[in-house]
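Chain IDs A, B, C, D and E follow the sequence of writing; residue 1 opens each chain.
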């Protein structure tokens, strides 16, 4: 019984309403944060930072945002790529056009631009629902693709429409080394993650979930669908927008609209579904699954096959990677249709009972 | 009970939901050919779960039978699909109606006859159901989602009857039905039972009616069978009378007078 | 005027081609409540199978006659799609009975990845040719009425006729047969359908098979138009607005939606595009669909979305 | 110090652009193998490793990060995608690894004064557009005859497709022809509207700036709307076998600019590849592909990279391993004379190339080839882009990039290093 | 409120025999509602007095649930109006009705399936939560105190309904009967003036019905909440309601005290049947 909560009696509601009420969880989170902030910078390689951790963190942030909209509020959106793009281009314009604009405010302003865009494209959700809404949000996606390719002002009149940034600093510290990028992303993610967690476990979050689960009943107990949906769009697209800005500024450095294409939208949706709808933790799992797994497979497969003396071409590996990735998605869903986060909590529940089967 | 004409034999089954939630802890029950057997018990006792285990509908709820066996006329049925069971004449009326929302009442009923290929039989069944539930006939062209709760319940029962079943698992058939319809439903049960030798296993909260119409009863509590016996015996049991029939001490108590200090009866507590 | 008509006509034809793909989505959704993300992958897979069999067959059986080869290739590709349907049911759907839409959608995504990988492994990732003798050169019509006449594309017309036929057949199937009704029941409630004896397994194999055949037809037509290559899968993206405009559950809706989207798209691009720098047709199609949805949230012919308490 | 020179490769052998990506990658690898078969670069052997990008920018960046430090450090990168090039342009200076973007990427990056690490050797989109306009002018009987003519640009709606616009607009101002811009959204499977517009506007020429399936679709639509293919001119990414193969006869007469080389089944180096590699079963792709257009581009791209290393060795020590910085110097001081090219087996395939600190392009020649229904055939002489037109545009755009990035133009001293 | 309830009931005080019904709190005037061809309600009028338990009975499909839906703005009746606490309205949206203090349970369980029992009931408090989005995100000071205050209130309801062990269980996993209780809890959390209950006791056995009756009566007695109750169990209806409306296929066929209704021949014919 490694993981158990009995014996941990809560004597006040405040104690029961802590963000992580169970001691083991608190310890685990503390350890994870310590590890991420202190240990990882000491041991990870440049490659790990730049190619794995930074994209993973940024995509986790984006998935977190999408999860608020899709997982908590039940409004399936395929416009996330567009919100990222608006965040990135918004931040870019403020960063380059306003002299001495510091990085962090630029990122946040980018998020705000995405918020406005998100709310506008969220308006149809007041009438259109479910898959219809999902497909309809693609309008936002394709519109933003078009907008950033066609309206030159957004790209500062670059002839090809692709933009780049440099000279990023936070509080006087340059953000150019892999570690600094990693820490920047991690800090933003942790802060946003905590805020989001707070939000979803207070009244706002309950309103979203109520709208998701049964909107008529929600209305009957006095929740305004319009307000709930639009706040979800706003909060979600803010977070996604910031993630988009980070993706452009920190990960890519230079980007074109295709960096936030419809594929990105789909991938974000997949992250939250496979990770677990309506779970903050799930966003991280989902991002890890979709961002890291293919890379892992791509590197691991040749090694594995090498052990069996099989040599395989790059194309062969890529095809095998696709197949295994697809099969894994299906397999995980069969094991736990509610996503990796649910699998995780079932695991914890088993631990709680351990060593007894039930 | 005579072991020879047992059609359904549930033997010490355990059911677990989601790999961790143990719900049934060794439930055994027998249903004789042509009998009406009732499962009684409070909310959460595991009645629905037992019926789902029999009809193999657990999988969709992420539940599984981990121990024990279920036999239909001597054949193990744990690995059959629900539709195989319907082919063998076992049909369940699910709790909570589950009508096909977008189909009309009539289409719902006709879909119920999916396994019957004989057109005349289907037509006759349809007439029979309409005769049982005239209300359905008047609402036949309306989409099921837009009918009232009671109409949906009738539709669900009627739909099951369309399959000309030999064993019907009824989960709370009386729920949401007006009193005379409840009587009618039980009347139909009796009718089918005597005329067509249909066997019934029903989970019911309306203990009064259930015991009145059934031959044998099981009382469940927290995933176990805590008492069983012929319906007539159960109906005279003092505990049952007080807690399930509300007539403890002879007279029926007024709902208004129920004292607040009263605590629930728990056999196992 | 002539040019406007030509644009409209071109839009109608393009729309029919979208319908063909949209149909696959509608079928599977209508019959099982699954939004099949793998539709594009199925179109590609079917087309690849078809193209490659047609290429390999002369070597295998020594027959050179194009009709015989094409016919056998179609049959073989159909068989492949049947196997796909069977495997999908066996390995995926069967284990996901009664799960939510999002879960099922995700599972079909897994299937899509798998098929992309498998298809390229077995059939290769080059460009292949499907030649079923579709006419390629243009014809002019109404030359007496309009100056310059109206240009018609024979290939598109053949495709349109095929699409119309398919829709007709499938509509009949859904409306008139017991199986059609059972399929709709399954889409509403997996568990209840099971409880009255509808064999989900068989139903799903049937539906995916039919969808596979539709994908094959779409694959052949689009494939002979574009060449069979990976990008074929992306035509699904163009079919999505058609699906929602017509209604996710309506077979005829796929056609009507296709026509509206096709015309809207082309007319907007040709007559509006030049003022804003062009390239607007994709998002315009989605915005058009969205506008329709604001009026009818379930699409033109979709079943009403029911929420009742 | 490592003994071997590491050449990473970022191909795409899967996904929508695989048909075009595969021959390029095969050519690239074959040449590296060939160099080893010839004994290496003055004895220094080459090792190589592929990392599949699928033409996806994020994946490409990951590949870059994965490979850049391997085997003692990457010699150079050839990202083969405009999107990845944009992203890597920012990273290369920090990592001190040169980028060769032969025939793609930013056109202004030929300005070595600002883009120290980029080498769009032998081809930029502006060069291509310029040559095409000149050629069309020639066909019309002089550039002045272009006045009042109409040219449509059908382009992939992405930075890649938009690259030539700036130059074409410049030229249209100069000669007074009408330029119609017709974007086609990725991936370009539906172009009816575009071709309806062409049918309406009846342009005298159509320039095609497509990629992958978009090219063949354009050609098919042209056929379906009856637009003459011989009035169509594609960029070199629209002028290879996969673009026309399945259009076949329908594409007959279609022209494309060749990035110096075309399909070269007769070239000496091709024979050598067949002899030394494919005959021994060491070839990378199928034999039939050797010598095809994109295969040749891979071959040539690899060759230029290898020659960069050789040039660096000339200065920093023959037979030694060269660091990224040294290779950059080599690429900047490349002087591939005709004699050297002949020796390498590239006779007739390309013209001499010589780069300098300020000029990372090295050669501004190109030719036109035409599809005859079965294969690509050269139909023009060598054509040269007009420096007078290109230079100001390059400088202006590069300067803008420099100010945005707060970069200083390189000084003459810096050029020495 | 619930806190007091629990104390009192455990102190085992006898329920006041005299009913304290007061003024008319809600007046339903000539409501007609039809769906296409189906006339769900035709010209229905009745009133509800303060503190009273008003039952609506009638055969299946009579229009009882539709009546409730009209009252709380889910359906918009084609004709007629409803006066609630002096305000007359014809078209109201659900949100407005909720702010006026009308709560409701549902016949077909309209719980928020993905949320825990606690969260479900907490949503009932949402109208009263004042802190804004930013405070909630930061969860400092007032926001946290507010949250805790409401939590306390909800815990009383949970105690009262005896569902403590399920506090953190997702409601979707609860058995039907308990879900009904959670539904009631959510409505109670709104501290309503008027509580509309749609078959709250369906699917319960006698003992559980007794519990439910007790809950309803306690709320009604202690807090003075007016209750409109739809129920098919005549025992319950006759025992606990003050006045009964009888609907039959959209028409009103009876209205009066339980005893009056029980003896009304129309009602017997249409609904009760002879055996009752």
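Worth pointing out:
Basically, contacts are C-beta pairs under 8 Å (C-beta built on N, C-alpha and C of every residue); 3 or more make two chains touch, one makes a residue touch a chain.
By chain, UniProt protein names: A, C = Branched-chain amino acid ABC transporter permease; B, E = ABC transporter ATP-binding protein.
Because the structure is a prediction, the values reported are computed rather than measured.
Counting only chains that touch, the fewest steps needed to get from subunit A to subunit B is 1. Shared contact partners of subunit B and subunit D, listed by label: A, C. For the interfaces B-C and A-C, the C-beta contact count is higher for A-C.
Taking the mean Cα position of each chain as its centre, B sits at the greatest distance from subunit A. Annotation: 74 Å between the Cα-based centres of subunit D and subunit E.
Centre-to-centre separation of subunit A and subunit D, using mean CA positions: 36 Å.
Our note on geometry: subunit B versus subunit E, Cα centroid distance of 28 Å, whole angstroms. For subunit B, the set of residues that touch two or more other chains comprises 146.
Shared interface positions of subunit D, i.e. residues touching 2 or more other chains, are given as 13-14, 18, 22, 157, 183, 185.
Taken residue by residue, subunit C touches two or more other chains at 99, 120, 125, 277, 279, 282, 308-309, whereas all remaining positions touch fewer. Under the contact rule stated at the top, the pairs of chains that touch are A-B, A-C, A-D, A-E, B-C, B-E, C-D, C-E.
Residues of subunit A touching subunit D in their complex: 46-47, 50-52, 55, 96, 142, 145-146, 149-150, 156, 159-162, 164, 166-167, 176, 251-259, 261, 263, 295, 298-299, 313-315, 317-319, 322.
Those residues of subunit E that touch subunit B in the shared complex are 9-10, 12, 15, 35, 38, 58-62, 64-65, 107-109, 173-178, 199, 202-211, 213-214, 217-218, 232-236, 239-240, 271-273, 275-276.
Residue ranges of subunit E in contact with subunit C, taken from their complex: 69, 74, 106-108, 110. Listing the residues of subunit A that touch subunit C in their complex gives 76, 124, 127-132, 135-136, 138-139, 142-143, 145-146, 149-150, 214-217, 220, 262, 270, 273-274, 277, 315-316, 318-330, 333-334, 337-338.
By the touch rule above, subunit A contacts subunit E in their complex via residues 13-14, 16-17, 195-196, 198-199, 202-204, 206-207, 209-210, 212-214, 216-224, 231, 235, 278.
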